[in-house]
Every structure is written in C-alpha cells, then in structure tokens.
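So, here's a batch of structures to check.
There are two complexes below, and they share chain A, which is joined by chain B in the first and by chain C in the second.
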Partner chain A sequence: MPPRFTPERVRYDRRYRTLDKYRFVVGFLAVPLAFYALFVISPFLQAIYYSFTDWSGGPVAHFVGFDNYEKMWNDERFWDSLQVSVLLLVIAPVVTLVLGMFFAYMITSGGRHRRGRAIAGVAGSSVYKVVYFFPQVLSVAIIAVVWGRVFNTNSGLINGGLDKAGVDGPAWLGGDETLGLISLLTVISWSFIGFYVVLFSAAMGAIPKDVYEAALLDGAGRARTFFNVTLPLIRDTVRTGWIYMGIQALDTFAICLVMVPPHVLKVTPVFLYERFRDGQYGYATAIGVVLLFLSMAFSLIVMRVGNRDRIEY
Partner chain B sequence: MGSTSVNRRDVMKRAAAAGLLAVPAVGALSSCASGGGEENKAEKGDKSKKNPLGVKEDAGLTVYVFNGGYGDKYAQFVTDMYAKKYPESDPNQKPTEKIATQVQPKIVRGKPTADVVNNSGADQMNPGKLVHNKQVADLSEVLDAPSWDDPDVTVRETLVPVVEQMGRFGGRECYQLNISLTVYGNWYSKKLLEDGLDSSYPKTWDEMLAVCKKAKAKGIHGWSYPGGHPRYMFFSMYAMFAQRGGRDVTTAMDYLEPNAWKHEAVKEVFEAWEELVAKKYVLTGFDGNEAHTEMQTAWTKEGKCVFVPNGSWVENEARDTTPKDFAMTVGATPSLDSGDKMPFGTLYSPAGEPYIVPAKAKNRQGGLEWLRMMYSKEAALNLFNEIGSMPVVKGAIDGQKLPSGTASAQAAIKAAGENIVIPQFMDWYNELFREDFNNMIHKFMQGQIGPKQAMDTMQKASDRIMQDPDITKVKKA
Partner chain C sequence: MTTTTTTAAQPQPQKVPSSAVRREKETGGALNVFSHAFLILWVVLAAGPLIWVALTAFRPSAEILSDPMGWPASFHWENFSNAWSKANIGQYTINSLIILAGSLTGTMLLGSMAAYVIARFTFPGNRVIFMLFAGGMMFPVILALVPLFAVMENFGLLDTRPGLMIAYIAYSLPFTIFFLTSFFRTLPTGVQEAAMVDGASHTRTFFQIMLPMAKPGLVSIGIFNFLGQWNQYLLPLLLNNEDEQSYVLPQGLASLAVSQGYRGDWGALFAGLTIAMVPVLVVYAVFQRQVQAGLTAGAIK
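The block that comes next holds the complex of A and B.
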C-alpha cells in the first residue's frame, strides 16, 4: 500500500516491509506473467491433459488414464526412436562443443604471438568467424535438403569424390542405421558449430589478457594454456552450451524428417509427428510429454554436474 | 502413388512444421484444436433430372489433386467439365505433393477447404482414420446416381466391382472411390529379355533365378530395389503370398489374424526372395525420395537391370527416359512350384488413385458431382490418353491403340480372370504397410534380416495394431 494509506502500527514492522517490497515487484510482473501463463504454461498443461485422453482430432476426447503411456511403453517403435534420440543427446553435444571450442580457441588465441601480443587468432580469423556462422543463417530444412543431396548414394558429392578416388561409396542415407546416424550427426554438428564458435569466442574474448601473459611468461604452450587457463574460465558458458545443444539434439526434427528416410531411422520427434499424422493425437501428446520431462531431466543433471564456484575476474 | 520430391515451398512448410512441433510448442498446437464444434452448413441446391445430386450452381468448388506420377492434368479435364456445366461456380484445382500436410489439418478442424481430394502419394492421409473419425462423406450417393452418359444406368453399373469393394471399410457405406486400375508386378523390357538375354518371361522361380544368372553373366542385374522406397518390393511380393498359400493367407493378413504372417507360404516366398538377395542379383544404391525414378532410369535408359518391382503408372512416369523400342511389359509373379494354391497369373491389381469427399466439405454435393463427371466416358477416355492407365469405367477404352505397358497390363488382367488379389489392410491399417512393412523389407533387402525375423516383425506389428485401441478394426462380415 502507498505510505499514506499504511496504518501506523505496521508501518515500521519488518514483515510488512518485506510484503510491501514484493507487492511492488509483483505489480510490475503481473502483466508479463499473465501472458506467460496464458501462452506458455497453459498449453503445457493442456498437452499434459490431452496425453491422458484418446483424442483423435475430433471434438471429443475421452479420459483414458495412463493408456497412452502404457501403449508407448509397449511400442518398440518408440524405443527405437528414443534410442536414436538419446544417442544424439549424448554424442552431438560432445562433437559440436569440442569442435566449437577448438575453432573458437584458434580464432581467439591460436595464432602466432605477433607484435609482442600475448594472444592472437590465426591468420584470417575474422573471416572464419563469419564463415563458421553461415549454417546458422540457413533454414534447417534447406540444410537437410542440401545435405540429403550431398549424401546421395548414386549422385552425391561424397560418393562422387570417393568414386574418383576409386572407392565404392556406401549408401549413406538409404543404407543401414549406423551410417544414417553418422550422417545425421554430421549435419547437426555442422549446422550448430558456428553458433558455438561465436558463443565461445565471446567468452574467451572476455578473459583478461594479463592472465594469458602470465601463462606465457610461465612458459605455457598453447595446449597447456587452453586446458589450464581458457577452459576453466569459460566453464559456465560451456555448460550453458551443453544444455542448449542437448535440447537441440533431442529436438532434431526437420533435419531427420527431410533428410533421412523414415525406414532407416527416426528420432522421437519424428515418431511423434507420425502419430499426429495418423490422427492419434492423445498418443502423440503423451510422447511430447515424455520428451518434455526428458529435456528437463537432462538440463537439471547437466546443471548439477560440476557445479563449482565461479571465478571472478 | 509415384514421385515425391521436396520443393522450396515444402521446405518452408516443413520448417514451419518443425517449429510448431518442437517440444515446448506441442501444447500450443493442441490448444487450438479442441474448439470449433459448430456445424458447417453445406451448400445444397435443388435436385432435378439434369442435376441429380442437387448441386448448388454458384457454390465454389476446390479440388486437391496429388501431383505425382500422373500429374494433375487428367483431373483438370474434369474440373473444366465442371466449370462448363456450372459456370458460376468457378471451380479451382490445387495440385500438391503433400496431401496430408495441406488438407488434413483443415479437415480435423472441421473446416475443410477441399471439396474433393485425391488422397494419394507418400503423404496420403490415413483413410481408415478418416472413416473412423467420420471426416469423410459416404459416396454411395454418387454410385446410386444416374451416370453421366446414360440416365438409365447408375454410376455403380458403369464401374468394375472392385471400386466399391475397395471403398468400403467394413460396412455398407463407400468412403473412397478409385479411378484407375493399377497392375502391380514385375516390369521388364521385352526387348532386353527376349533379344538381349534370349529368354522368355519366367513363369517359375527357378526360371527367374536362371534369367538373373544369365543377366549377371552379361554384367547386368536381374533385379532392382529402390532403397528410398522399400515398399515397392511389396508390389512384386504380394501376389506370391496369395499364389503360394491361397486367399486364406491374404485374408488372414487383412483381418490381423494371429499368426497371419507366420504362414508357411509367407516363409517360402520370403525364402525365395532371400536367395535373390544372397546371390547379389539385386541392383541397389538408390536412396532418398527420388529412389524410384533413379531406379527406373537405370532400368530404361541405362539398361542396368532386367526386372523392376512397380505398378502400371511407371510407363507414364518413365516416359521421358524410355527408348522407343523398349517394349515395356508387366509380368505376373512367378510360381514357386507345383505346390502353389493359385495359378500363375494371379494378379495384384487394385483400383488406384483414391478420391474422397470431406464429410463437412462446404460444397459436398459439388464434390460428389465432380466424381460423377470423373466417371463419365469422356473423362475416363481422357484419363487414359493423359496418363495411359486403365480407367475403372467399363469399356471406356475399347478400340483404342494401347501403348505396350498398358496393353500388357490389360492382357495380364484378362489372364488373371477371377484371380485378382487386393491387400485390403493397406487401406484399413495403412501403417502396417507404410511403416512396418517398409521398415522390415528394407532390412530384408539389405540382407540384415532373414525370413524368420521378417515374419516375426510383421506378426508383431500386426498384433500391435490388433491391440491398439486407437485403431478401429474392420471385422469379417
């Protein structure tokens, strides 16, 4: 309450002051929170509700309890797709982040120590920074179509190249699951690396130069500098990137749907999409709910792992 | 059936779909769909002798046509007919390769923009589900109506019986109408087989293996497999199941009977094909969405293989790459041996290119009328001239000069007589074919699994569908 309406007896009470402070905060947040609740939270809750129904797209949906989840548990197609998704969840962040970090380090500190500077990027690093970012600008669906052509067994770029070298290229996408997974992983990593290069370059650029100078004076080489100076100092950024990339990997939809034939392999979101297509909306939302909890569990675990004190500089 | 490819517009759509379906948005997607229960008032006019279906003359009409191997010109002919009869209706036709993506969401919301839909191609809507959700109209009204050419004869009487049979989903109602007859089987070049290999069409599996061996000696593959579309193998396999074990085997598959896919006959057919794979007679290496056209080009233009599993649309689809003297021919599937229950010549030949009318279509009567026009002699003949496939209208192409593929298809139908087999489960339980068979046969054709695992996989899938409460079962009448 505004001061002039505040009763005398509570005006100087500490508990009242706290309450009053939050009133102020809540006053500002009410509208955005209401929007958030309406457009973000409520659809979530609705989806969770629908996952307990047999809704097939019509006007009626009957409550069926855990039937959809039971069906999912017994559906080997779901487990097959989840296996692919979880593999991506585990491998894609490792590959993408390691490469992203490597390129970012090369751009910020991989070069010669020219003109007495402690750190410098490799020659042409400002160009690389832009080039790496290119895939981010393209729509994922275009990326999928283009790479689909590159991987084509008969007329693709890769097998064309192999052919010239006298090697009979394998069927990348129309062949077995492992090759399909490798192709999918390649494209996912390729399309996300640029983002992490920029993210990590920014984090590395924020590290004070004197830390590097000190390391240099102590005789540390590039590898040593990276592992003992750079990596510990950008740890938080790496973890954020890790969570983000994990969710991206779990979410891989368009690339898989467009590029990989569904009979070779499919990720869980594609399996979900197919259930939507078949009009099994209740079942599809149940799969969506499982994915939601999986992403949340993944984020929580990664946030817990290696939680250390932040280094201030 | 036929070609699917991704163009730029689809890419954008898919990107949008990708955005929509990303996990956090699943709820957002569902939140909008539960509303909207109000009845859509269909436009109706007065019935008369000249207008037996009661079409409202100025109601607009929208036709969605799958733009695949057959293109959509044949349908435009009918749409033009419609425009001529109802000039005020200004009918409009939309060709698309993505039927489900473009049409289904609006049907689900109860506000279809389409009045007639050619539900075909790789992205077709699941017809069984549409029927179950009462989202498609009963088309018996068309069949009962007087035909376009002769008011004394009903449309039903002008069509081959298989059309109505295939439109039924367990009841008396008819929910989809097919327009052409498709002949599935082993397609080959008569010239290559007879002149190049000095052989005649193999009537038994032993002869088939012999032809393949002969071809291998000449450096070509006897068989081919379009890896991007494994389901094509079914086109050459299905008649063999029936041929080997009789109709009981295929009926058991249709009704999801226990152990339907574990029949001895199924095993023997799989074993026969396994030999083909094991001896490396099969040309592979086609993947992606264009696999079937790549395969067809390797077959017609490059002469790399003798037989392709295919359907009668192939003659039209591969027209650009087919040499003049190719002599494209379809053969019925070979017999395994004298123990077969059905004779050589048993043919997998359903009516193809299904059309449906959404139950809540704004101009439902117009949609029905459009189908009645499709079954006119004029449109049927045009269908044949345009895409070279046989119309289901009786006698529509009598006296026409047929190209070799179509001529051979017609001869095959004649030779089959009563022995025509149709896998109804493809319409009733589409995913059993589109997903499970597709996934399984891909591994099979790569030699990753053998007949036993193939049968187990299919039986497991069939049982899964039997137990799935979300899928309505068609019971034996």
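The block that comes next holds the complex of A and C.
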C-alpha cells in the first residue's frame, strides 16, 4: 500500500514494513525471473535432457541413453566440423590477441618522449581506436555478407585487385578447405581485433607511468619494455581475453553459415543448426552439450596455464 | 568515414623536447616508420571493406561484376530506392525498429527493476538469484536453441513480434542485470533512506529517485543492448523464419545476399548493406566512448 494510504497505526510497525519490503521485492523480481526461467534457464536444462532422447520435434521423445552421442562418435561429418571448430579455437585467439596487443601497445606506449612524457601513445592514437572498433558494432550477419562479397571469386574486392596486378586470384570460398579456413579466420580476427585493441589499451593505460620511466632509465628498448614490463602487468586481462576469444571462435555461427558455402567447410554450430533443420532435435542438442563441455574445458585449461601470483601495482 | 581515414593517414609531427631529441633518434627512426605503417595499414583494412561497400552501392550491377574495384563512374542513387522498396530493405528496417522499440524498453525496465532489488535489498535467496542471472552469461546460446524453439511454439510465440521481443529481453537480462547490480551498489544509500523517511513508497523511490541517479549506467548498458539487439541474427533466424516480410534487417540482408546469386541486382545489395551499416556507425561515432566502455566491460565479467 502506498504510504499515504497506510493506516497510521501500522505504518511504523516493524512487521508491516517487512511485509511491505517483501511485497516490493517479489513484485519487482517476478516478471524478469519468469522470463528468464522460461526462455533461458529451462531451454538449457531441457537441452541436456533432450540430448538423451530421440526427439524429432513431435510431442513424444523417447529416452535412448547415449545413442545420440554414439551416433556423433561415428559421424564423419561431425568430426569434420569439429576439426574446423577446434582449429579456430586454437588459432583465432593467438592471431587476434597478438595483433590486438601489438596495436594497443603502439597506441598507448609507442610514442617515446612525446609531449615530454617518458611514454605516450603515438600521434593519432584516438583516431586509430575509433576506426579499429568499426567491425565490432556491425552485425555478424552483415560482416558475413560484406566479406562474402570481398572474397567472391569473380566480382570480389580481393580478386579484383589481384586482377589489376595481373594475377589470377584463387576461388577463396569456392571449394578448397584450406582457403576457406583462412578466409574464415581472417574475418573472425578482423571483426574482433578492434575490441582487443580497446580492451588492452585500457589495461595498459592503467599501468603507472613511473614503471615505464624506470625501465627507460635502465635503458630498455621498446620490445624489451613490452615483454618485461607491459605484458606481465596485463597478464590477467590477456588471459580473460584469450578465454573470451576462444569461446567466440567456438561459437562462430553466422559468419560461417552466411559466408562459406556448406560444401566447403562448416563449423560445429552450423552442423548443429543443419541437424535442427532436418528435424533431428535430439541429435542437435547432444552436439550442443558437447560444445558446452568443450568451451568449459577450454576455459579451465587457459585459467590453469596462466595462473601465477597476481602482480599488484 | 572517408574523412577520418585521411586524418589518420597524416600523422602529426611529434613535439619532442630538445633534451630528448638525441635519445629519440637512437630508439626511433626506422622502427617508428615501420610501426606507423602497420597502424595505418590496419586503418585501411578495418575501414576499407566498408568504404568499398559504400562506394560500390552507387554503381550499376553490370559494372560491379566486370570491374569490382572501380570507382563509381556516375552516382546511381536508384540502387538505394531499389533496395528500399524492391529488395524489401525498408520493410526489414521497420521490422527491426518495431522489435527494438519493444525489446530495448523491456530489457531496460525489467533489467533495472531486478538489478535494483538484488543490489539494494537483503532477502533470502538474493545471492542465489544473482548467481542464476550472472551464470546465464557463460552458456552458449546455440545449446538452448532447439528447446527454445519448442518453448516458443508451445506459447504460440513462434514467428510473432512479441515472441521475438521476449526472446531478446530474456537473453539480454543476464548481462544487463549483472552490470546494473554493481552500478546500483555504488549509489549512495542516504538519498534512498531520505526518500523513505519523507514517505515515498519503494516503487516511487525507485522510479523518481534511484533511476535518475543511475542514468550514466543506464546509458552505457542501453547502448550496449541497442547494438546487440539491432545486430541480432541467431534468434530471428530461429524464431522468426516463417514469413519473409517479417525478417529483421541483418536476417533480410543475409537472405538477400544468398538470393542475389540468382537474381543479380548487386547494386541493390550493396545499397542495402550501406543502409544497414551507416546508422550504426553514426551512433557509434557519436557515443564511441560509452560504446567502447560498455562493450569491453562485457568481456571482463
């Protein structure tokens, strides 16, 4: 009851106020929790259950134990897709993070003695940070369409350029698995590098300037400063970024579905989606469960690898 | 877009205090040129394909096919009107706007309500509910995909606008609540208590006192959700695939790109892409600080 209608005799009663508080808490949480439980939590839990059934979209689903997983084990197309996904999981974070760190270091610490400081960003660093971030604000579907045109064999940007130089460009997405994988990696790294430049710039910007001044006095060059000062100090951010990028690479769906023709190669989420389209719901959810375990295992491994004492500054 | 590239391509002369000049010569020089070249190269790589799309949008289809790298000989504005009406981009844009109006309002309202209660009230289960929401950020959406389809079908929400809005809201809640909970915790408690003493109800305190105070946080997460929901592809592909007229913009463009292989109006496709990209890039250019802060906060969850 709003305070102005609350009877005077109960208004200051502790029990009334507790009741009022709980009514408010329940009232505000009910709708968000209901939405979340119905459309997020319950599908996740159902997915794990359905992965053990032969569900094909109808009202009935029979429990079949590990049949779906066994089928997956023997399905060559699943292994093909998993090979692509695991390659992305391993290579994409390395490429993206190395380039992202390089650009971030140039932007935050590349300009020595600029403006009289021991260390500062190169000229125009704020412009770089804005432009590099462009791909990150676009829809993955649109990125996939744009790059599909860039890689197009006959009327694409790359082969058009090679044409002018007198070279016959390859059919990037035309049928060769390696070229397809390279194209996919390029687009994934391209779309995420700007994000990591901004993320690492923020981490590098938080390092106190006197640490750099000390390194400079000791005669450390730029490369040495990076490996001995900057990198150890931002290790936690790099690890977080690595996990995040790995999971992003594993989740690659739209880029592969829209850009790469299905006969060239497909990643596991696309393989899952195709099984869903075929009506093999039980099988599709089992593939999803495997993806979940793969991303959890990856996160755990990366966390163990980089786990050393945190450096305080 | 073109103007930013040209300014970036001309590094300003570095102001170096005279005492440091000698040292600069020792460490700088070739390495400086090298690293600047890399930085500028990436500007070209990051913005190049987008500029190419925007320029090609003005060329007729036949020209695009014969010489993909060419400069527009004359500006063919009809590509844009073709894209808007014949290729359905107008309809897709309107669909996206309608969905976004509902989903963004819903996300912000429900997200801030839940976050406020979790952050400022003690009640049994507080911690559990927070972990439940925060945990949702870690799971791959693709896993929930198949059962979500069935859940939506059971509620009669499949291929409907309210259904898509609800799905967007539900999948935006974890990060929104996670972000806003920590934001509401930082706000001073004194103001809230003063409002209660003055006789404001909990609801009134929330809407008239706490929400206006949380405005910076709401703006950050609002832009984050705006971009995320405007760019959504997976959820509409799954839940809104029945009628082509109801496609949202990224979905419509992806399907257009596939069908263009048969129809061949490439000019309209490029114009459609430009129509889809430019507004987002403008919003980003205006709010770039908040966008970068919001999106990178998402990584360190």
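Here, the second predicted complex is superposed on the first by the 269 of 313 C-alpha atoms of A that agree within 3 Å, B and C clash if a C-alpha of one lies under 4 Å from a C-alpha of the other, contacts with A are read in each partner's own complex, and residues count from 1 in each chain.
Rule of thumb we're sticking to: contacts are C-beta pairs under 8 Å (C-beta built on N, C-alpha and C of every residue); 3 or more make two chains touch, one makes a residue touch a chain.
Remember, predicted model here, so these are calculated numbers, not experimental data.
Peer 1: Given the touch rule stated above, what does A:128 touch, chain B (first), chain C (second), both, or neither?
Peer 2: Second partner only, chain C.
Peer 1: Which partner does A:176 contact after superposing on A: first (chain B), second (chain C), both, neither?
Peer 2: The first partner, chain B, only.
Peer 1: Quick one: classify A:164 as touching chain B (first), chain C (second), both or neither.
Peer 2: Touch status of A:164: second partner only.
Peer 1: What is the contact status of A:246 with respect to chain B (first) and chain C (second): first, second, both, or neither?
Peer 2: Neither partner.
Peer 1: Chain B or chain C: which reaches more residues on chain A?
Peer 2: C
Peer 1: If you stack the two complexes on chain A, which partner ends up touching A:93: first (chain B), second (chain C), both, or neither?
Peer 2: neither
Peer 1: By the touch definition at the top of the document, which applies to A:31: first (chain B), second (chain C), both, or neither?
Peer 2: After superposition on chain A, A:31 lies in contact with chain C alone.
Peer 1: In the overlay, answer first, second, both or neither for which of chain B and chain C A:194 touches.
Peer 2: A:194 contacts chain C only, not chain B.
Peer 1: Looking at the overlay, does A:57 come into contact with chain B only (first), chain C only (second), both, or neither?
Peer 2: both
Peer 1: Name the residues of chain A shared by its contacts with chain B and its contacts with chain C.
Peer 2: Looking at chain A, the two contact sets intersect at 39-40, 42-44, 46-47, 50, 57, 139-142, 145, 148-149, 152, 154-155, 247, 250-251, 253-254, 258, 269, 272-273, 276, 281, 284-285, 288-289, 291-292, 295.
Peer 1: Which residues of chain A touch chain B in the complex?
Peer 2: Going by the criterion above, the answer is residues 39-40, 42-48, 50, 54-59, 61, 64, 67, 71, 74-77, 139-142, 145, 148-149, 152-155, 171-176, 247, 250-251, 253-254, 257-258, 261-264, 269, 272-274, 276-285, 288-289, 291-292, 295.
Peer 1: Flag every residue of chain C that touches chain A in the complex, lowest number first.
Peer 2: 4-5, 7-8, 11-17, 20, 23-24, 27-28, 31, 35-36, 38-39, 42-43, 45-47, 49-50, 52-53, 64-69, 110-111, 113-114, 116-118, 121, 123, 129, 132-133, 136, 139-152, 166-167, 169-171, 173-174, 177, 199-204, 206, 227, 230-234, 249-251, 253-254, 256-258, 266, 269-270, 273, 276-277, 280-281, 283-285, 288, 291-292, 295-296, 299-300
Peer 1: Which part of chain A faces chain C closely enough to touch in the complex?
Peer 2: Its residues touching chain C are 2-4, 20-22, 24-25, 27-29, 31-33, 35-36, 38-44, 46-47, 50, 57, 99, 102-103, 106-107, 110-116, 122-124, 127-142, 144-150, 152, 154-157, 159-161, 163-164, 190, 193-195, 198-199, 202, 221-222, 237, 240-241, 244, 247, 250-251, 253-254, 258, 269, 272-273, 276, 281, 284-285, 288-289, 291-292, 295.
Peer 1: Note which residues of chain B are touching chain A in the complex, please.
Peer 2: For this pair, the touching residues of chain B are 6, 11-12, 14-15, 17-18, 21-31, 33-34, 36-37, 100, 104, 108, 110, 126, 129-130, 132-135, 227-228, 230, 284-289, 291, 294, 430-431, 435, 438-439, 442, 446, 448, 460, 464, 468-470.
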